[in-house]
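Next, two complexes with chain A in common: one pairs it with chain B, the other with chain C.
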Partner chain A sequence: MPKLIIDNIPVEVPEGTNVLEAARSIGIVIPHFCWHPALGRAGACRACAVKMLDGPVKGLQMSCMLPAQDGMVVSTTDAEAMAMRRSVIEWLMINHPHDCPVCDEGGECQLQDFTIAGGHGIRRYDGRKRTYNNQYLGEFIAHEMNRCIQCYRCVRFYQEYAGGTDFGVMGRAAMVYFGRQSDGPLESPFSGNLVDICPTGVFTDKTARFRARYWDYDMAPSICPHCSLGCNITPVARYRELLKVVARRNDRVNGWFICDRGRFPKANVNALDRPRQPLVDGKATSWDEALDALRERLNGFLELNGTQSLAIIGSPRMSMEGNTMAARLHKLLDTGKICYFSDSVHAGQTLEAVASLTPDNAASQEDVRQADLVAIVGSDLLAEAPMMALAVRQAWRNGAPVYVVGEETSTLFEYVAVASLSDIPLAEAKHPVLICGTNHVGSDIIDTAARNKAKLSFILDGPNAFGCALLSQEYGATPLSEAVASGKIKGLISFESDLTLELPAGIRVLAAADCRKTPLLSRAEIVLPSSAWVEMDGTFINNEGRAQRFKQVMEPGLPIKGLDPAGHPPRLHRNTPPGGEVLPTWRIIAKITERLGSEWIEDPLSDQWERLRELDAEGEGISVV
Partner chain B sequence: MTQILLRQDHTGQCLSFGQYCDAGGFEALRTALGGMSPNDVQQAVIDSGLRGRGGAGFPTGKKWSFVPRNLPGPRYLICNCDEMEPGTYKDRVLLEQNPHILIEGMALTCYALGVEHAFIFVRRGYEQAAANLRTAIGAAKQAGFLGSDILGSGFSLQLDIHQSAGRYICGEETALINALEGIRANPRVKPPFPAVKGLWGQPTVVNNVETLANIPAIIAHGPTWWKGLAATPEAAGTKLFCISGHVRNTECFELPLGTPLGKIIDGPCGGMRPGSTFKACIPGGASTPYFTREHWGVAMDFDPVAKAGSRLGTGGIIVFDQNTCMVAATLNLTRFYARESCGWCTPCREGLPFLVHTLEKIEQGLGTESDPDILREHVHALNYAFCALAPGAMGPVEGLLRLFEDELREHITKGRCPFGD
Partner chain C sequence: MPLISDIKAIIAGFGVTLHHMLRRPVTIQYPEEKRVPYPRFRARIVLTRDPDGGERCVACYLCSAACPVDCISMQAAERDDGRRYAAWFRINFSRCIFCGLCAEACPTLAIQMTPDYEICKRDIMDLVYEKEDLLIDGCGKDNSYNFYHHAGIGVTQPRGAGLEERLPVDVRSLLP
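Moving on to the complex of A and B:
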């Protein structure tokens, strides 16, 4: 571990750390543009100059290019280093437009920050600025090339890190251009990361353009709900509207990036016609009335059919809080069934996959990135869990061979197609990882992995499928298809469930809680509107058994564009905003149990789940395997 | 005065393979393959004191010695014939007259380095040179000097020509390697140096045409003889000087290394053109600071020229007479470098256009008192660019500030160029 001195502060860093990172580790931020932790050094921007006063290297050096070594004495405040940094910023600002007031990046712009940090104020260049034509890059990303400072981050991410081929760098000298051969949507499923990685406003999120400034944002650490990987994100909202989603760093999980499928869909949260008011038989009503109606109908149903004919339905897309509360409702009523999965085969496989994972063999995305052999069995990663495909690409870039059993359409990495698991030389690798789609879980895979000390990663269905599998075991849950097939079930109460099977007409849907308009909701006698994940705190357990906390980002309510202009100015003065009466599902269940005579439950995580109460939303998560 | 590259009897036409062989061509290769070990050849080059002729003047034998011998996989030799430095045309003259000497030199080098596949990276515009090389390679193959099991020695060599897509930066050895691999010609991070990790990740030596063309003479006549061709005891061998500007004879001459500047201009160049008097010159290609009358006696060898504040570079001498505006000359050169920047690093990509803009203002009489400071800052800061292009581009600007500051200031105080349009 090299020991060096930076601005008179002694610091010890791991082997291979560069001087720029070493300085960051003690809170000294040296301006930089081309260097990025996930992309490494490039040496292109020359903004990170420091003066090496003593040690193995002397003089003015670019700190990102210099591995920290024993005995280095570094000054970041040396006059020559500061003059160099000022020069670099002056050069970059020669052509950068003064359009910060109309630029979406303004306020969260690395170039703004480092221009100030670099000490450049008065521009001496008095000639014409360089201008470019912008390109149409699809409906998600706006392109504004005049702002470009040629740090090459975008092309290094797009081509090298993410394997895209339709975007690159063209031209030379002072007319370098970053774009496509011609206008057209970016093809990479990771294109949205250009928005995050661009240090200024060349690439901005078109779906949130001109909507808010950084200091207006409602935001909080959150977890992506779009697949089972649990990538860390920061959703951004304003005026009760989810505006955009940016990647949040978690080195164990997604690293620095997320996929476009996690970034751009926002309609479920912002939909104007989303369930926002309790309904009884299709008529809007208050929470009190809806809960009273539910109690009455439930009592009537139970008297008529008995408790064994009722099923409580949880969901792999619902938080741990909601799903544990569903189980408590099931216990309270002593209902016949609790169901977390629709299909029995699928449920069996998910449970088998989850049961086979141990703290030693569960592979995180980071384990995949660091693997020296990757085997993929029965999973089209780009379709099912895009970030896992990106993780595999990083392993492949580092030289790990990739073997695929079955279909794989990814172009992110080269692979050897093999007929069966036994054709893969797992034993030759030191850190092999086996990635498996849920539909292909079987004892052969689990045994093969165990024999070869390979880590395992299963792609599950839903952000909390892992949690649902654990709860299924804990409460002896039945897949819904089985419950229905038994013929005993005559009614159900569903929470955020996406049923994949046709419910027989004879089964009553007494109540359904959801934040989305699902087919089940239209059949429900009582509709209970619930909060979207950005409107509440909660916990998801991802595919590797990592429990992660997401925090409330925004107050629920109808986005401003959904308000009736005739209703302005408002005549009704209330504490809740219009459409803001939704509740987190676990709270809805708590209200139901209270109505049924139980004590009010303040914290849904009880018993063995109590340890998740203290989960830090900004930490790496807690393993529950 | 002995010449080994441009033989005295050259006619301006390309030497045929037969003529070259008749004049002792490929004897050095026979000698080496007949009885010298690869190490012997390398040692001879080290002993000769041969320094790279492409501009940097790095000792050739030393460069070869950086190649690790124990790594698996192939090693490569690349001949850098991407001659694009303004004022430099020696490689073109050489290849248009005698491509065979380069092939023999490369064969010897490959033998010394254990290379079995070598490339000649030819500048875009050098069609004739490429054609000559193609013919020469064909003839050499036919005669058994290239191909497999050369002269029964067991040593094999494949030699390929790659014609550049054309940019100055391709002359930078790592950018050249990228260009050869078919990717963007941006320079690579060093270290690792090409000698360790170059073309397709394998150890690669990149040498200039003239450097390699000197190897046959070193092997044929011995390093001591070759070293003695120079004009001073410190220098080694001969050098191609290509002359342009306001002198009578603007040609490429092969002269002993270390010949004083004045002797070159007054001697083979035939002095200044009628009506012209010497004002300044670029001593070694467009990236070297100017020399003036006070440098008349400087021996044109790497170290003495460096000591006098410039660089021998490629030996491309551009002579300016009394009517030359040095601001305009510098502007012209800086425009070239601004255009030829690869666009990778900020100082080069943005700093050079800023300099062009500032020099344009000064030349047009719109300069201000603070403009020389802008030039001075750039001369310093551009040293910290990614590769050697931007520091090289600062050669003339540094020379302008050091030697012609009065002339520069005159532009600003008079509000016009004192030399007119």
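Moving on to the complex of A and C:
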């Protein structure tokens, strides 16, 4: 562990840390563009100059290129170093357009920040600026090449980190160009990260083009709900509209990046025709009336058919809060069934997968990135959990062999296709990881992993499938298909459920709560509109059993855009925004249980889940395996 | 001698009082009589146009960020030709303190203070001005500046044809 002194502050850092990172660790930020924690150094921008006063090297040095060594004495405020940084930034700005006011990066731009930090303020060069033509890069990313400062982060990410082949750098000298051979959508499923990684506004999110500024954003730490990996994100909203999603760093999970599936789809939250008002038999009504109607119908139903004929349906896409509350409703009513999964085979496999994980053998995405052998069994990672494919690629880039049993179409890494698990030399590796799709979970895989001390990662179905599996065990849940096949079920109440099976016509859907317009909702007698995940606090448990908290990002309600025909926001005052009457599903269930005579529940996480109450949304999450 | 200096001070003080008593009054009989303020006077805010007649405001949100009382709000949008503009722009004059920070922050010279100080209203909602109330047909205090001619990203002219720019690079050429 090298010990060095930076600006008179002694610091000790792990072997291999560079001086720039060492300074960062004590809160000294040296301006930099090309260096990025996930991409490493390139020495391309020359902005991070420091003066080495004493030690193995002396004089002006690039702090990102210099590994910290014992005895170094570094000054970041030395006049020579500051003059160098100021000049470098002045050079970088020579060709930079004068367009911050119309650039979406403005306010969250590293170039703005470091230009100020570097001390360059007034343009002295009066020559003409170099310009480029832009390219059409698809519906998601806007391109403005004039803003480029040639830091090479984009190509290093796109080609090296993410394995993309259709984007690169061309041209020469002061005329290098970052783009595609010709116009066309970027092919990589991780292309959205260009927006985050480019320190200037060359790549901006087209889906949020010209909408808001950083200082006006509504944002909060959140978790991606689009697959079971639980990547950390920061959704950004303004005027009750979800504008964009950016990656949030979590070194154990997604690192610095997210996939495009997690980044770009926003329609579920912003849809104008989302359920926004309680409905009874298709007619809009108030919460009180809807809940009263539900109580009456429920009592009538239970009297007629008995409690055993009612099923409560939870869902792998619902938060832990909602799912535990569904179980409490089931207990309160003593209903026949509680169901979290539709299909019985699938449910069995998910439960088996979850049961086989322990704190020692559950592999996080970081474990996969650090693995020295990766085996993939029956999972098309790019389709089911894109960031896992990216993690496998990092292991492969570090030299780990990748073996695939069954179908894998990814071009992110080279792999050896094998016929069966036994053909993989798991025993030769020190940190092997086995990745397995839910459909292929079986005792053979679990045993093989245990024998070879391999870590396991299962790709589950839904952001909270893990939590649902644990609750299934706790409450003895039945898959819905089984419950229906038993013939006893005559009615159900569903919460955020995406049923995959055709529900027999004889079964009444007494009530359904959801934030999306699902087919089930059109069948429900009572529709209870619920909050989308960005409109509430909650918890998801990801595929490795890591419970992670997401915080409320925005107030629910119809987006201001389009509300008033005159174009501007309404000139009437009101207390609640129109369409803002939705409630988090767990609260809806708490209201139902209150109507049914039990006490009001203030905190949905009870019993063994109480330990999740204090979960820190900015932390790494806690393991519940 | 303290006594003499005390007497001097008292006489000087009353002298000033007497001087003011004999001066002509400065009261202006508003509204019968109106003062004409200097052009730099800070009162009712307007949104101006560039010399080519286009809306200057690019909805960059800098004025609303600078405003200490948060009385400016807007929504940026994009026109078909790529020009950024304010879909709506609202200033709540019942809250504005006419500090002029918005005009100082504006990078396009769009938002400007005018000397029109007579904007009292009986209904407070009438003091909430929308874009159509703010936008004027002239350039205001600067009749030459057009932000897009300097911005360096085309929009009002072909790429590379703005002031201070070279024509776009041909990335496939090997010539210097």
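Note that in this section the second predicted complex is superposed on the first by the 614 of 625 C-alpha atoms of A that agree within 3 Å, B and C clash if a C-alpha of one lies under 4 Å from a C-alpha of the other, contacts with A are read in each partner's own complex, and residues count from 1 in each chain.
Methods note: a residue touches a chain if its C-beta (ideal position, glycine included) is under 8 Å from a C-beta of that chain, and two chains touch if they have at least 3 such contacts.
Note that the structure is predicted; figures quoted are calculated from it, not measured.
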Superposition on chain A - do chain B and chain C clash or fit: fit
Look at A:Met62 in the shared chain and tell me whether it touches chain B only, chain C only, both, or neither; answer first, second, both or neither. first
For A:Arg172, decide between first (touching chain B), second (touching chain C), both and neither. both
Taking the superposition on A as described, I'd like to know which of chain B and chain C A:Ala44 touches: first, second, both or neither. first
Considering only the touch criterion stated at the top, classify A:Tyr136 as touching first (chain B), second (chain C), both, or neither. neither
Figure out whether A:Pro569 sits in contact with chain B (first) or chain C (second), or with both, or with neither. second
For chain A, which side has the bigger count of touched residues, chain B or chain C? C
Chain B, chain C and vertex chain A (Cα centres) - angle in steps of 10°: 80
For chain B relative to chain C post-fit, closest CA-CA distance rounded to the angstrom comes to 5
Jot down the residues of chain A that show up as touching in both complexes, chain B in one and chain C in the other. 171-173, 175-176
For the complex, give me every residue of chain A touching chain C. 96-102, 106-107, 126, 128-134, 144, 146, 170-173, 175-177, 209-213, 215-216, 239, 560-561, 566-569, 571
Chain A touches which residues of chain C in the complex? 58-62, 64-65, 73, 75-78, 84, 87-88, 90, 107-108, 125, 128, 130-131, 147, 150-153, 155, 159-160, 164-169, 171-172, 174, 176
Within their complex, state which residues of chain B touch chain A. 167, 169, 184, 189, 338-347, 349-354, 357, 370, 374, 377-378, 381, 384-386
As the complex stands, chain A meets chain B at residues 41, 43-47, 49, 60, 62, 65, 83-84, 87-88, 91-92, 94-95, 124-125, 127, 149-150, 152, 169, 171-176
